[in-house]
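Some structures are shown below for you to check.
Below, chain A partners chain B and then partners chain C, in two separate complexes.
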Partner chain A sequence: MAEPKLRVLMVSDFFFPNFGGVENHIYYLSQCLLNLGHKVVVMTHAYGNRTGVRYMTGGLKVYYVPWRPFTMQNTFPTVYGTLPIVRTILKRERITVVHGHQAFSTLCHEALMHARTMGYRVVFTDHSLYGFADVGSIHMNKVLQFTLADIDQAICVSHTSKENTVLRSGLAPGKVFMIPNAVDTAMFKPADVRPSSDDVITIVVISRLVYRKGADLLVEVIPEVCRLYPNVRFVVGGDGPKHVRLEEMREKHSLQDRVEMLGAVPHSRVRSVLVTGHIFLNSSLTEAFCIAILEAASCGLLTVSTRVGGVLPDDMVVLAEPDPDDMVRAIEKAISILPSINPEEMHNRMKKLYSWQDVAKRTEIVYDRALKCSNRNLLERLSRFLSCGAWAGKVFCMVMIIDYLLWRLLQLLQPDDDIEEAPDINFCN
Partner chain B sequence: MVSSCLSNKRYTYIHENENEPTRGAIDIHHVIINGSRATGYARLRWLAFFLVGLAILLGKDNPVRTLSWSCLLSGFFVMIQSRKFVKKESVIIMPTFGIQLQTQYLSGKTVSRFIPIGKILKPVLVECVTPVTCYWSLSLFLRGEEQLTLVFKELRPSLKMLVPIWKALCAVSGTDQREMMTEEEHVVAVECKEYNELYQQMWCQPNYYTSKDKIYSVTKSSKLK
Partner chain C sequence: MDNNLAGDSPPPPPPPPPPPPPRPKWRKVAYGGMQIGYDDNYTDETFLEEMVMNANVVRRDLLKVMKDSISISQYLCIVALVVLVWFHTLQSSLDETSLLLLDLSLLALGFLVLLLTEEKMLSLRLLLRYVINITFFTTGLYVLAPVYQTLTRSISSDSIWAVTVSLLLLHLFLHDYSGSTIRAPGALKSPSLTSCISVNASVVASVFVASRLPSRGHVFAVMLFSLQVFLFAPLVAYCIKKFSFGLHLGFSFALMGLTMYSVYALHRLFFVLFLVLVVVVNVVCPYWLIRMQEYKFEINGPWDEAKLCFDITD
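Let's turn to the complex of A and B:
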């Protein structure tokens, strides 16, 4: 096997066996980068009994480092505790670029800090939107400001997300790339036989039933649409605290035969639920990048959505304000244009517009740009931190100086030559 | 006769083999710590001096008695600790018969364990991940045992030293080395039903521990389900 062009370490608290958008993103991006000839290693914390090294499809090496998670799947933040293992992994695998994911991941922030101290190139991807007002967000934003003060390049998944990240961290917008997420179009295919839309029009909703996903809007919208259109039925998949409100709505308006509640739908069954419908309804109040509408469009459904990040082309989606009347109007418009929709054509367009291969190629460009950034010494880097705030800047400088000293101490105790390089195992068929 | 020798800062690997390797010749692999005697005893000597000094400072009333007691106790402490210092670990391979794992301590004590050939299912090279480091180790799958057995219990020789020992163990246990590294479905070939069950057990719950040391991981290749 030829020498890989780049050797990337993906760091995040969120990876398989935990299931979610970030985990999927890291996995698919890593697989596509492996196909492009790079070497990718993933570092995450241990999940229960799953600790140590595992290899996934394509030779993707995953280090499950035995640091226990303490809250919401995050590693306990010890600031300097992960320095030895991060240094060992970076040296063993001869990493050139470190790519951290998700602002909420403590392991990611620590690993990026240590990687910068040791002089590696660092890229960060932010997947979510965060607020500015509550205590948790304020602290998180400060930590993010610290991490991003010294980063080489950053990636956001939508323009909304880019604005949010730039405002929260004070990062120069020129350093932030926008690379949208993609969808696995091979998995999300339209049904072979499209359900007939002459008699009954089925509107599918799949989301967690929480406030942020607009479950309260659904409670207003569904009875109104059912009243206006007797041939429309709803299929609601997902679970959450607002489930009770939806049940109450069903009881109140006697919609048991017109609104079907499926409960929590595992991701592997989402496609089978989507292909039973004609229209997909997304009522999220805010979303950095709504993959659900991409999955629905890939299955050939027309989408009605609020204005969230990651929007489809105009003819595949009908947008609405997060207001019940506006959403009902949008659903009316969607029902009227439904006959002109061709699911197969929609799926083929999605294949071209949103593919993981494209995301990987664009990420490769970001890595190349990061590698071209000049390596600054400690003093120049410290000056970047001082601009973070009156007190915060000085605290950040102290943290980085201590990290630097600890790194030098580690080099004395365990010289770089002592860390044995791991061989690249070739898994080609 | 010494057929090969590898050395790095911490360990020296020596391979002893018969002059003309005949079928059934005994194969011996040693891994020796460099300068263990000097560093081990030096550390203990400094610790003993420190303890004696501390005792003198604290027991000012009766210095002679305190000094004699502290010397006695620190000498006792040095003796206990020095029993743990390993000088050499060896693997003696006797084809068709078995293998002997030996640990020789600085105090002269030797601990041996014999494993009959029929009990060995497969030798594996394992990447062990701890909260602070990651290293290679050589382990054996044994019939009837739930845990992996470490070949080198105390020492951590480098991969370059472990590979020839692993190859020798593969040859003696009848494992095909090619199966270990190239296939995507399984790293280790499935040969017998018992091994299969053990494999399933271990791979489903990869947090296994040996009797003394903690091994956190195994190198494997499999499709994520």
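Let's turn to the complex of A and C:
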């Protein structure tokens, strides 16, 4: 087999068997990079009994490191505890680039720190938006400043996310690449026979029912729309703390036959729920990158959404302010332009607008840029940390120095040559 | 083909290549893949143009902050006066009857202030309710006085003074100086956790001090005095402040004068310390706050969570 061009290690706390945006992103990106001929290895923490090495589709090797998560799927942050295992994995797989995902993942920050100490190239992708004002955000931003002070390149999933990351970490905007997520258009196809929109128009909502995703807006909007348009029905999928409020709303306005609550919808069934509808409603109050809208557009639904400008062309989405009256107006406009929508044509356009292969090619360019960055020695790197803050800069320098010394100690105890390199197994079909 | 002799003009230069087509304008969108002619890390001048800085910051005026800080020093004086009364009682300079007289006069004064300042709120029924509550309260204290007297007999005095001082400090730190500990019949917002803790701390401190006194009468009088002041002084101060700011200023300065005089009579060092404290609270802290405002950096932008414009009624 030809020698792979790049050998990438993806690190994050969030990976399968957990389902979510970050997990999907890592999986699809890894699969497309494998198709391009690179070698990809994923490192994450153990999920229940799932520890050790697993192989996924296409030969994707996943290391479920035996650390249990302690809160919100994050491993316990022992700053130097992951150094031996990260060093072993990097040496065994002969990695050249380490790619960390998600600012909230402690494993990612630790692995990136160790990779930098050992001289590897490091890329970071940020998937979420954070504020600046509350205590949790302030600490998270400081940690992010530490990690990004010494990084080669960074990737953000939307322009808003890029601005947010640059402000939080003080990174130069030229170092941050904007590569959006994409959608698996092969899985999200429109229905073979489109449900007729003459007598009943179905509006689909699939989201977690929490405050952040705008469930309270739904409670205000649904009765009003049902009152204005007798031929509209709603399908609400997803579960969460605001489920109770939606049920109360149904009872209060006697909408049991017009609003169907499906409960939690597993990811494999999302497409079958989406194709029963004509319009997709997204009411989230803040979103770094909303994949749900892409999935809906790929299934041929017209989208009505808040605050996600720039994700879809203007003729595929109707934007509204997070205000009930404005959302009702947007739904009215969507209903009026619904007859001119052709799901198949929308699906074909989505195939050209978003694809994971394109994301993988653009990520490859970022890796190449990262590999071209010069490798600095410890003393030059320490000067980058000093600018993080009056006290924080010195603390960060101490942390890096101790990390460096521990690495040298490990090299004494277990020399590099003693670590056996894993062979590359060819999974071509 | 003739041979070119010297003198012939060189062949005409080839025509310049056509200029490359201008790259399309960069759009701030996520769809459509990589934009032709631009790298993914291209940043144009619209970067961060929607960021808003310091939108909600309150611009403060030094004089207004100093005027507002008078409420804090007024409360400090009230607490200092209470501690003075405790001190004099413990040293037996104040006897039972004078304490009881003090209690009654304070109660009457408080009622007077409430009557005069709340023009429309109080009615005869409300007044009657207040009188009944006060009677229950006083009777309860009188009945419980023997219990308080023997409460801390087995604890050494040093522990009592240490605990009292720490509780009083806790009370001062956690006290709600914006005046919402008492729900006056003008509907203030409900008390927070810290204001409840501070009221409890002051009550427990009064119980500890009262338990060191020689006779039941003393205990009852001191308990009544302390509880009266700690529980009702915020309400009275709030009513005065609401009624007229000039009256509030006059009341505060009178209190400060009385406290300074009493502390001076007690001990010089305490007087100096108290003076320094009042100056720091009234002058140094407002100036410091205004100086620190320059460093305020509040960032808002499209990444913030949207605020719902309606109330969520559960």
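A few points about this structure:
We adopt the following convention: the second predicted complex is superposed on the first by the 427 of 429 C-alpha atoms of A that agree within 3 Å, B and C clash if a C-alpha of one lies under 4 Å from a C-alpha of the other, contacts with A are read in each partner's own complex, and residues count from 1 in each chain.
What we mean here is this: a residue touches a chain if its C-beta (ideal position, glycine included) is under 8 Å from a C-beta of that chain, and two chains touch if they have at least 3 such contacts.
Here the structure is a predicted model, which is why all the values come from computation and not from measurement.
Applying the stated contact rule after C-alpha superposition, one finds that A:423 touches chain B and leaves chain C untouched. Judged by the touch definition given at the top, the superposed model places A:179 against chain C, while chain B stays out of reach.
Contact with chain B, but none with chain C, is seen for A:85 once the two complexes are overlaid on the shared chain. Contact with chain B, but none with chain C, is seen for A:54 once the two complexes are overlaid on the shared chain.
In the superposed pair of complexes, A:324 makes contact with chain C only, with no contact to chain B. For chain A, the partner touching the most residues, choosing from chain B and chain C, is C.
In the superposition on chain A, contact of A:199 is made with neither chain B nor chain C. In the superposition on chain A, contact of A:220 is made with chain C only, not with chain B. Here chain A touches chain B in the complex through residues 16, 49-57, 59, 63-67, 81, 84-85, 88-89, 92, 417-418, 420, 422-423, 425-427, 429, going by the rule given at the top. Put simply, chain B touches chain A in their complex at residues 9-10, 127-136, 158-160, 181-182, 184, 187, 205-207, 216-224.
Against chain C, in their complex, chain A makes its touches with residues 129-133, 157-164, 166-167, 173-180, 212, 216-217, 220, 245, 285-286, 288-289, 306-307, 310-313, 322-324, 352-355, 358, 362, 365-366.
Residue ranges of chain C in contact with chain A, taken from their complex: 28-34, 39-41, 43, 47-48, 50-51, 298-299, 301-306, 308-310, 312, 314.
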